[in-house]
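Order of writing sets the chain letters: A, B, C and D. Residues in each chain are counted from 1.
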Amino acid sequence: MHADLIANRVAGATLATVFDVVTESAAEMANRHGVRVSASVDDVLAGDIDAVAICTSTDTHAELITRAAQAGVPTFCEKPVSLDLPTVDAALAAVELAGTLLQIGFNRRFDRAHQLVQQAATSGELGDLFVVKITSRDTACPPLAYLERSGGMFLDMTIHDFDMARYVTGSEVIDVFACGAVLGDPAIGEIGDIDTAALTLRHASGCLTLIDNSRHAGYGYDQRVEAFGSRGIASSENPVVHSAVRRDPTGHRGAVMFDSFIDRYIESFVRQWEAFVNAVFTGGPSPASGADARAPLVIGIAANESMTKRVPVAIA
Amino acid sequence: MHADLIANRVAGATLATVFDVVTESAAEMANRHGVRVSASVDDVLAGDIDAVAICTSTDTHAELITRAAQAGVPTFCEKPVSLDLPTVDAALAAVELAGTLLQIGFNRRFDRAHQLVQQAATSGELGDLFVVKITSRDTACPPLAYLERSGGMFLDMTIHDFDMARYVTGSEVIDVFACGAVLGDPAIGEIGDIDTAALTLRHASGCLTLIDNSRHAGYGYDQRVEAFGSRGIASSENPVVHSAVRRDPTGHRGAVMFDSFIDRYIESFVRQWEAFVNAVFTGGPSPASGADARAPLVIGIAANESMTKRVPVAIA
Amino acid sequence: MHADLIANRVAGATLATVFDVVTESAAEMANRHGVRVSASVDDVLAGDIDAVAICTSTDTHAELITRAAQAGVPTFCEKPVSLDLPTVDAALAAVELAGTLLQIGFNRRFDRAHQLVQQAATSGELGDLFVVKITSRDTACPPLAYLERSGGMFLDMTIHDFDMARYVTGSEVIDVFACGAVLGDPAIGEIGDIDTAALTLRHASGCLTLIDNSRHAGYGYDQRVEAFGSRGIASSENPVVHSAVRRDPTGHRGAVMFDSFIDRYIESFVRQWEAFVNAVFTGGPSPASGADARAPLVIGIAANESMTKRVPVAIA
Amino acid sequence: MHADLIANRVAGATLATVFDVVTESAAEMANRHGVRVSASVDDVLAGDIDAVAICTSTDTHAELITRAAQAGVPTFCEKPVSLDLPTVDAALAAVELAGTLLQIGFNRRFDRAHQLVQQAATSGELGDLFVVKITSRDTACPPLAYLERSGGMFLDMTIHDFDMARYVTGSEVIDVFACGAVLGDPAIGEIGDIDTAALTLRHASGCLTLIDNSRHAGYGYDQRVEAFGSRGIASSENPVVHSAVRRDPTGHRGAVMFDSFIDRYIESFVRQWEAFVNAVFTGGPSPASGADARAPLVIGIAANESMTKRVPVAIA
């Protein structure tokens, strides 16, 4: 998806080369877009490129970020950097040493509706921020095999919401209380994970954030953010797949929501790439930096502790 | 309904007495509200009252308006004054001679949503007014016996929309093209009436008004007004009976609209009475005057001619 | 308000008599509705009445409930019975002994939209219930003098949401975690209360309820309930004061929400009385019983403990 | 736009070659998508292609359709075929003789929301169809130089609505009454055109269609279709550019509508191409045939006559 977007829909970007350990995938992608296949990561980093996009499996992110930084190449990397905090810190240290750009794939920051909520919340339009509410529910649960390696709901799924909480409030989280449950599928409990969660975050600013998550929102991929302050509220509602409505004696009917993050967030991915291109060529700050990658991981680790101990846990 | 509203819900108003040719009805109403029954219309008009409300059958309106005017009593009268233009003119002449207040029951002028459309349209907020669209559809057709005496769709039903067109635009209608059809029930055609209509009005200001009507809107009592000008649009949508919504994998479902004018417009009736009370005690102008009663009748008569001759008909 | 509703808008009910320690108020009310003033509570209870409505100050509720029960009179009482649990228990014991009807004024149970959410949640339409979300925010903070005697936010305001959580889920609460803050007005903190809260409830069924409260929702009286289950969601949105909308090059604008509970919930008060009348004359169960009055108080007391100790507190 | 869509977003389609009388444009397009430039129309039609897309200026459409038909090549052509009816007929005769596929670019037929309205209207879901309402307003008026060659509002703009009226009702138009006005810009009147219109169509089925048009909808590109029948209504509302909303004490604010047909209808263009690809490879019927191209032109010519003569004009 990312290669196609870069090649076709991102103004100012051109796909230069592709590398994949699955060589057939690399060949197909290169052929589709008329670019060459690189023989190795080194080959990519040594090429005539302005930036690199790391869209590999999670366990390779930290090393690839480090190598790109050492090569002085501006880097986009899918989240998470790693589920292991020291590994994250080592990679971020390499980036800091090199002084290169690093942008993490928190694409929801580039969703136009969430952005407007953030702007209303941080610009003073909403006055003093009191409460943020984030609902994030997946249409269908991923396979158990995926979940077993995912780090658990808070590091795999809620991590986006922790990022959103920091993004919308502009304030760090000071403690978290997390309550988890297995309500939709006992098999998830058997592998030690949860499928339903309710969390309360307190921010340094005093603002409270409530998050609720589910793996089983059969009615659609549900992603809402609401910011409430002394002057009003701003919220991002769920877009629906078409704008037709019907009325009959039983009431009003309208469209379903999108059922996958790709359909829901495709515009945000394009805007994410546009923001990256802009940061690369203007030398501007990263709109989703290494620090932004690290903080939600720390909150997620604390949330796991909170759920286990049944107490709020402070963020170091 | 009117007596109950006056007695219970209209600030500044008190029910003083009631008269009804059906003496049982008068007695019941008087008893319910602890007031006396008047023996005659003269008795009512000679009593210690500030104003009179005429809510009788249509064929008595003109005479009662005339008698109230001659008695110098501010008068509210349900629409229409009469279906016969000379009769209307005679009653209005009596009112003009007496210099009394006359307010006609065009309650939709007091619906809060329609009022906001009118204010947007006439205050300059919408800029130059281009197009007004009025949809007015009844949930269920009245009995044929009623329709036979109603004067036909344009004088019975569309007359409210002609009033709304004048009210919202603040501009007189100069011609009308009317297209009628019998689509829902052939019996309506057999008595010489129609159940579906589309009309185009041209206003002195240049603005065009499109009206569509139906007697068979099974999905609910549908009343919408939209005003479109150089700076934007304002529209009144249909309220629904509750604010609950549901989502499942088939989409979104919401409430039905109201199915009767009483439920839809109850607040407008209260506001109509409040406006009347205000006009009585301040001596202010009527918010729905005799001229406002006459003009829609003239348009309706022209609409009937247009439908028959299949040409636009100018309003004298 | 209650007397006016009973006298004018509740089918099947008639106002028989009034008593008020402020005799002028009683006289005015009696005069307005053409009924006699009772000389005492005993006089009321000994009269020819089918039921009594206790709408006095909170500190008199328990005693009056007890006396009505002892007189064998079906009783409606405004919430709360008392802020003191033993006092509540004594009153409820008197009711149980007498076998009389007791209905507590949790009017939100009679809001049509909340009712539809409850029906969807408890009828199986939503499948297994996963998460309930309740937002309850007041437009403006009551006077400090009121707050000082109110028992604090959880007993004064959130108590309605505790009731709603039980009502919508049909499941008892087993523990509560409460997080409170003073974000809108430091004076509220100075009297030992809070103005902002986030709570997580766990139900016996496994369902999680998230509640957020504020005393400072300047944009309107905000009352929303959402129930999410394996088959979909049902939610009650906020009604708005009119149905007009406007569009211009800056976007879309619509009406404000209601700003007071009376305007927002007036229909629910009528329906509450209708339900009471029905229970009185059919001998049916109370739709908001003494047990329903007691349980939210117990949760509120636990919530206060949770907020203080910063741990979840189990409900006995 | 069409070449980019075909190359990048239409499943089953590949761009084979391009030809443009402006050779630089052809070269740039060919280069961008890695295809060769054809030297002439003959060169294109003689090539190894499955179909041809005619996206040239209107005055070339009829001749190119004819040549493609004679070459036996399935053809997509932008609307209109021609503003001259005999020219249209000659081209359609060539297509009929050749038995080739011809699909006209009425992209709105492929808008998902309009399609759902059409399906509801023609499947019986809405029962007997009574009234269709079509609103079609451009955000900003094209340059006068364009308008002078456009054939006038009814052939340039309303022609889409005439198509929509036939598409949604599934019934031919039997007569039209058209009312035009110059309300937004006198310069449009000076070149003999109008900028505002209201039309009433009668269909063979009895259904009435009301159309309103404007060249000056500064609030956004406004495209709505509503179908009303004995069992309910279906309507396509305007999508908006994002799903964020705000509330403050002045009310509710939401997003603007799209301001151009490209943004509003981009998905419909992709779906139009997918339908064409499907028709080419399955040999299925054209979803927007030559007859569908001819009928709206005939209605448009009648509408011009109606506006001039101020009478309804029958469709031959």
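Here is the rule we go by: contacts are C-beta pairs under 8 Å (C-beta built on N, C-alpha and C of every residue); 3 or more make two chains touch, one makes a residue touch a chain.
The model shown is predicted, which means the values in this text are computed figures rather than measured ones.
Ranked by distance of CA centroids from chain A, the top chain is B. Counting C-beta pairs in contact, the pair that comes out ahead of the other among B-C and A-B is B-C. A straight line joining the Cα centres of chain B and chain C is 40 Å long. Between chain A and chain B the centroid-to-centroid distance comes to 56 Å (mean Cα coordinates, whole Å). Residue positions of chain A with contacts to 2 or more other chains are 218-219, 231-233, 247-249. Within the complex formed with chain B, the residues of chain C that make contact are 4, 8-9, 34, 112-114, 116-117, 120, 125, 231-239, 241-249.
Listing the residues of chain A that touch chain C in their complex gives 128, 130-131, 133, 135, 137, 177, 179, 181, 183-184, 196-198, 200, 202, 206-208, 210, 212, 214, 216-219, 222, 228, 230-233, 310-312.
By the touch criterion stated above, chain D contacts chain C in their complex at residues 218-220, 240, 247-257.
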